[in-house]
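Labels for the chains are A, B, C and D, by order of writing; each one numbers its residues from 1.
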Amino acid sequence: MTVLPETVEGIRREVCALHAELVRWGLVTWTSGNISARVPGADLLVIKPSGVLYEDLTPESMVVTDLDGTVVDGVHAPSSDTDAHAYVYRAMPHVNGVVHTHSPYATAWAARGEAIPCAITAMADEFGADIPVGPFALIGGDDIGKGIVATLSGHRSPAVLMRSHGVFTIGASAKSAVKAAVMCEDVARTVHLARVHGPVEPLAREHVDALYDRYQNVYGQQAARDAKEGGHS
Amino acid sequence: MTVLPETVEGIRREVCALHAELVRWGLVTWTSGNISARVPGADLLVIKPSGVLYEDLTPESMVVTDLDGTVVDGVHAPSSDTDAHAYVYRAMPHVNGVVHTHSPYATAWAARGEAIPCAITAMADEFGADIPVGPFALIGGDDIGKGIVATLSGHRSPAVLMRSHGVFTIGASAKSAVKAAVMCEDVARTVHLARVHGPVEPLAREHVDALYDRYQNVYGQQAARDAKEGGHS
Amino acid sequence: MTVLPETVEGIRREVCALHAELVRWGLVTWTSGNISARVPGADLLVIKPSGVLYEDLTPESMVVTDLDGTVVDGVHAPSSDTDAHAYVYRAMPHVNGVVHTHSPYATAWAARGEAIPCAITAMADEFGADIPVGPFALIGGDDIGKGIVATLSGHRSPAVLMRSHGVFTIGASAKSAVKAAVMCEDVARTVHLARVHGPVEPLAREHVDALYDRYQNVYGQQAARDAKEGGHS
Amino acid sequence: MTVLPETVEGIRREVCALHAELVRWGLVTWTSGNISARVPGADLLVIKPSGVLYEDLTPESMVVTDLDGTVVDGVHAPSSDTDAHAYVYRAMPHVNGVVHTHSPYATAWAARGEAIPCAITAMADEFGADIPVGPFALIGGDDIGKGIVATLSGHRSPAVLMRSHGVFTIGASAKSAVKAAVMCEDVARTVHLARVHGPVEPLAREHVDALYDRYQNVYGQQAARDAKEGGHS
């Protein structure tokens, strides 16, 4: 299958634009988070350049790498997290978008190494389960990627709290991975606040199942579900 | 009584515009909250489309349904919370606006299933009482609507904390329901913060009564009180 | 002494514009705070209209009252807190500006009825002491005004935490009262956060004195000190 | 070495513009923080004027002083923290930028006099260690400057929490000192939040070393590393 140049251009624009959502929802500080998308039908991904401020990002500054993280096209060095993104795309063919942040409330759970209990209906809707903790892993090589894949394989949650590090989310599209990152911080904050003044009861498993099933299949507009923007499949 | 098309158009514009207040005051994340208004003199309501981002909302994208939640006019699917809104309008004829959010501090109280004690004068002004907790109820059908109505009937508070879920507010107008949602999060935050460092004494009942009576009848401009924007009646 | 119409017009513009600072610094929700200024050389004040949203304020919508709170000029009803502002101007001739907010961290201290200990240098600079708690008082009549004056008379702090209610600040100008309200919330937040993880030692009295003296007399630009914008005298 | 006027002009523009980052990232309230930069090849620095609001800053309003803090050029009085900035430049020739804030979470740690433990990877990246506490020191004279230099000399961290006061950061450029101030507040917040619900394990020393070494030498774009914008080295 041939990759059309216009496809790559469109993905550069989309990945660039989605970074504004990380800023808008308060998930990133300085240059700390990044988004990538798989190039459909090719062993390629498009990712944020390393250490570039969000307001300086342009579609042209996005970096194209192969699924080993080697730069194929781009004038900048890719995100230092590229190895982790690439590993996820190699191991999880249904994933087309990956997001990484150090959003504060979610990273606080990660720092304690504690999963976020599924205690509110919005969390059952989006995550269908607790948001799990992945192993501590050093950057460089495949350790982070392996930790993400090992934790999320067979798990409903599109988000993992990497121990003492931060959040990685996956999605059937880059936009759905961004949504998962936004919702992860939202529920991390609400459950954090709730526990400040007393114990919080997790939802019953049957209620989680019912909410998750409905949200993934009924919520939103049919066209968006078809485009896999709403759920994480 | 005939519903004039221009009336419905005006309500579409108003409901659309009010969603910007949910964003401005930090009550919503991604697509998580919604507003509806009753169409005066008709068994109809106007509500946000499901799963559409706030910046993409237009008056035309608002959905008109009957009071059973069946779409009467609109190109989108209505909010997945439409059943709850519709139930409230059927059961509470004085209510002309309903708002639903997962605003973080208020939802934290909901996650613990704890009413917010009426401990500051701004809360006595707007709510006239503790903000009560409603039952846990699954989305789909009338359970959420029944829980809202059962909790708020005969209660001064225009806000209810639905257990493990979030906030619903009612008002004599959509704007007054929005105001109640904004103030609910504000007092949820202040009382949360206050209790972090020690016990918080609720206001005496007589003081709550005096503050509530004055605020509902003296505060603001006469024209706004006549238009039922200030209070929730 | 005659009051020139252009003086009143200038104060209407200034009081209107300063309300934007309350919004910018997150001190107010919906219509919850207000600012007034004394008209120099007259027994008059200019204050926010009651219940009007901040974005709808115009210089013309500001209300002029005498120092008993009776409207002298203006098409709107004045803030429901006008009695308290007016009492302060009657009792404290050096005060030319008054601000009232329910800013969340400061109001949390007020809800517990606990003074904010002077534990950081920025607080010694601006307040020169603990920020004291005033009595609980119902709105209407002079009770709130009396509580403010009784608490702040002879006190360095330009801010008082009215019990279970919120913050009032005074200043030699409206702008300096706004600054005191902004800094009150800032130090209320920092000391709140500090105490979450352990005890916080107040500054030694001699250090507070030295910092306060320097800040009131050396900090800022000479012209601003002459205009009484920086300190609260 | 002669200082070209255009060099000073460029630094005035840079220092002025960087103050917007303090506002954007929520590190400052009213006029509470300041930035300076060394003039290359001269015993001069450029710093914020005292007590001027951030939105009123212009390149022309920046003040040039010698390294004793005496004004050399400028129509305003320099920041009241100029002595501390000047002391750092005298004692630390590799430092070309200094930032001071009272950012809330970091100042909360400073109020308790507690170092921020290096417990998350983003903190190991930027700070390479705990963020240390410096002594309590009164403003005026060299005490604050001496405390900063004594604490940071031989320390990897570009940030120090001055006891009961706030944050000072240093950098090989003003921009890198700003980055350190932004990241200091970010990690202060995350570790604060993490500890609310249980103990937080510091990272192993070997992991901190590996992360710090990689971030200082591999992260970002080569050109930025060459310009010393990324690290603090």
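Simple rule for what comes next: contacts are C-beta pairs under 8 Å (C-beta built on N, C-alpha and C of every residue); 3 or more make two chains touch, one makes a residue touch a chain.
Here the structure is a predicted model, which means the values were calculated and not measured.
Asks: Give the chains in contact with both chain A and chain B, ordered by label.
Replies: Chains that touch both chain A and chain B, as defined above, do not exist here.
Asks: If I superpose the C-alpha trace of chain C onto chain D, what rotation angle comes out, expressed in steps of 5 degrees from 0 to 180?
Replies: 90
Asks: Copies chain B and chain C touch; is their interface built from the same residue numbers (over half shared) or different ones?
Replies: different
Asks: Using mean CA coordinates as chain centres, what's the chain A-chain D distance in Å?
Replies: Each chain's C-alpha centroid was found; their separation is 32 Å.
Asks: I'd like the Å distance between the centres of chain B and chain D, where a centre is the mean of that chain's Cα atoms.
Replies: Chain B and chain D have C-alpha centres separated by 45 Å.
Asks: By the touch rule stated above, which residues of chain D touch at least two different other chains?
Replies: Each of 196 in chain D touches at least two other chains.
Asks: Write out all the pairs of touching chains, ordered by chain label.
Replies: A-B, A-D, B-C, C-D
Asks: Show which residues of chain C lie in contact with chain D when the two form their complex.
Replies: Contact set of chain C toward chain D: 25, 119-122, 179, 182-183, 186, 189-191, 193-194, 196-201, 203, 207, 210-211, 214-215, 218-222, 224, 230.
Asks: Along chain B, where are the residues that touch chain A in the complex?
Replies: Against chain A, chain B makes touches at 29-32, 49-52, 76-77, 80, 102, 104-105, 107-114, 136, 138-140, 164-166, 192, 195-196.
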